[in-house]
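Below, chain A partners chain B and then partners chain C, in two separate complexes.
Let's look at the complex of A and B:
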């Protein structure tokens, strides 16, 4: 019998900041994450748009746009960057 | 080009920093630091040969954000502060609305087809066999293209079984639907303003960010500082640019310093009503069809490139104009600032005495960020005079024709509408066909940007996301 992938019972939560600062720096793009999720991950990634998460107010956090993947903050977030992080969190790498 | 790109981010970062300096009354003292501040972070990776070249190009980019043309700019050591002072003393906006940054222009080689290492020198050699100009030959087991004979038809690329032949385009020239961009003697791109329709495609597509619009945000902030009252006229597409309700957007605009706020969708309602009447009159007088006129880039196309179509363009004015008229009746002394996703509106605004300034969504977004305004977190402002759902729908392809039809309830079924969704070389041929009588309806809606204004050249939000947001707002609008 084929072994089930490790993430069978895990869900990774992705929170995309939709505050104005993140939007101005291109953050809206990240809300299309679902279009880029590979089918084997379906059901294991939960996407949520959030009001301003406040990271833009603290320069040490890096630059907008921001996203949180499984509790970890990504600055200058991009779709490929988020996908890579999800992959890591699901234990695929 | 993809909406998420570094050239767009740099432009917005510059805008935010410049606006902050103006708001703090420190533009002249602070401006010369910007190119350094933006390139001094640990781990900064130069884009050009070195950080000094990057800074030098940032200087020129700042000049365009200050509203200057940069074609003739030469860095002779004059600090940015001198230009900042000049901008602060300026009293009026000048065309052209575009400017080319030569130093950033990559002087891309003329469009060409190139055989890559993937060529296997195969037996079939469809590239050689099918080239209509006999420009392809095989030397030492590999195809080569004779540039003298090649006419860039692309057949060799299409027929290569190994995908070994690539096209290297000149992105700005390729994006221009009317052939208005050409190379000067030094290989740098130039815009022929007799041909340019100000669609903004070159600005959106240049991978080096060398095609730039000239900002007017400094002039708007300055007018406010000099004591003028401001009226914001926001285009229907702007409502989809922030993840917030219309009421929040209106309040955010007021917090940002606008004394009155008008939905341009109200002007769109007027345009739709007048266009419906005009269509009936024209058809009654024997015309075969009429086209919409709210897209200024399309109107430029009709006049400059398809003159035989010009008589069919509706004489009804644009939503911007009618909204400016509403604002001027209520507050004649206010300066009227149109805010939209469109480059061609800057041109239309220059020609319309009722419109004082035209700023982009990028500039508005940067203003919000500079002021620390988060639109979603602002309190709702009641919308006292809402536009109809149809007026708000002017922002997407098909929305204008739909709105006009809604004013002709008894004609439903007899009037056919058609849309041209995005101006390109191909769709301009379609326009020529309409002018020659090959029509497919009585009302033709034309939008320069594929998808409509939600996909304008100065948007900040991905058009797909913006459209979802906008449709949600439109559903909340009163039924028209």
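Let's look at the complex of A and C:
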């Protein structure tokens, strides 16, 4: 029997900011992340929206849009960027 | 407040409905106190459909609140349809609104309009009809009608028939003896009554009773009696139906009879004397974060519906009251950020983008895409379904929005809320207040 990949035991939580600054800087796309999740990850990625993560008010955090993947803050987040981070967190790479 | 309202059905006028003369009515303004003035709000709602294939409506509905507390509504139907009818109806309605607002008595205003309006050479009828409703600060209503279907007054879900006085006006340019009486003289009907809480006044263009004309179920059109019983049925089914909703329902029904290709312009206006529905709209964080608690208390204590516009604002209130705020990722709209949900809030939205869209929708008028469910449309629905709207605006500037790489549409919150409030006051006759925190 084939060994199950490690991530089958783990869930990665992704929080996407839908505040004004993030939304206009590309956050609107990030809310559609679910459509880009490969089927093998289904059930292991949990997408959540936030009314405002508040990072835009702090310049040291980088630029909007922001997302949090498994507790790690991503600035200038993009769909490929988030997917890459999820991949990392799931231990695929 | 009048708690007991005597009811009369049939043709007898109920109490408070008398064809009193304009002069006597005006001479004794303080004799009877109006019915619970502070608690009564006059909701005006209307809905309109253009004739199929026309680019412009030939009916015009205008309303205005004057500084001395009068509310004036006019429905005018131009002869024919399209832009020509629209221009004549606009001319008529605008004249009526201006005259009555300038304190020209309603009967005289109607006479002036009748003498000004052009008369169609072929048909010898005026180019536009009208219904003028003038309500003073004491809730006394005066109505003058010319050639529109008769208005309907519903008091405690019963139709009342106020006595109407007929006024004959000689038409300009029509020789007196050359034509039979109905053509040489125009007949206007004047009526007056005192409105009581819960009263509804419904008036419409002939597109409603004539809808479905020529079809198998309605060879002669829907007809006034059927329209009246439909109104009564609607109110019986939903006793607190808003003016806006009732107007919409009537127009939709007429539209259905016409097979969704209206043969004429269809317009309905409804005036509802109701207890005000209150709405609180909170937007923006307070200038001083010490006042966060104050903002949350305002939210928690408000008696009525509550809306929060702004991610940071929602986060503050959620934090202060210990309530989680969850974004609904179900309806993602390309233009408007998604709405969120929080216990106690009727709606939670993003701030500036949504408010900008709301202002745009309110400017467009009563017709907008009702099949989409984005946060801005939902917010507009709440605004239009309320009578007293309190805006509480936080004045803290979000520095991230001042970044030159951000789109310029991100306006200053104070300005956009002021624009929305003035649109609601002027265009939709709502009562609004704005407080800055």
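A few points about this structure:
Throughout what follows, the second predicted complex is superposed on the first by the 93 of 93 C-alpha atoms of A that agree within 3 Å, B and C clash if a C-alpha of one lies under 4 Å from a C-alpha of the other, contacts with A are read in each partner's own complex, and residues count from 1 in each chain.
Basically, a contact is a pair of C-beta atoms (placed from the backbone, for glycine too) under 8 Å apart; a residue touches a chain by one contact, two chains touch by 3 or more.
This one's a predicted model, so the numbers in the text were calculated from it and none came from an experiment.
Aligning the two structures on chain A places chain B and chain C in clashing positions. Touch criterion met: A:31 reaches chain B and chain C at once. Applying the stated contact rule after C-alpha superposition, one finds that A:78 touches chain B and leaves chain C untouched.
In the superposition on chain A, A:49 makes contact with both chain B and chain C. In the superposition on chain A, A:18 contacts both chain B and chain C. The clash between chain B and chain C in the overlaid arrangement falls on one stretch of those listed (134-142, 368-376 or 440-448), that is 368-376.
Comparing the two complexes, residues 18-21, 23-25, 28, 31-32, 49, 51-52, 56 of chain A contact chain B in one case and chain C in the other.
Taken in their complex, chain A has these residues touching chain B: 18-21, 23-26, 28-29, 31-32, 49, 51-52, 56, 78-79.
Chain C meets chain A in the complex at residues 310-312, 314-315, 325-329, 332, 334, 337-338, 340, 348, 350-353, 398-401, 403, 405-407, 410. Chain contact summary for the complex, chain A toward chain C: residues 17-21, 23-25, 28, 31-32, 34, 47-52, 54, 56-57, 64.
By the touch criterion given at the top, residues 3-4, 8-9, 12-13, 16, 241-243, 362, 365-366, 368-369, 373-377, 460-462, 464-466 of chain B touch chain A in their complex.
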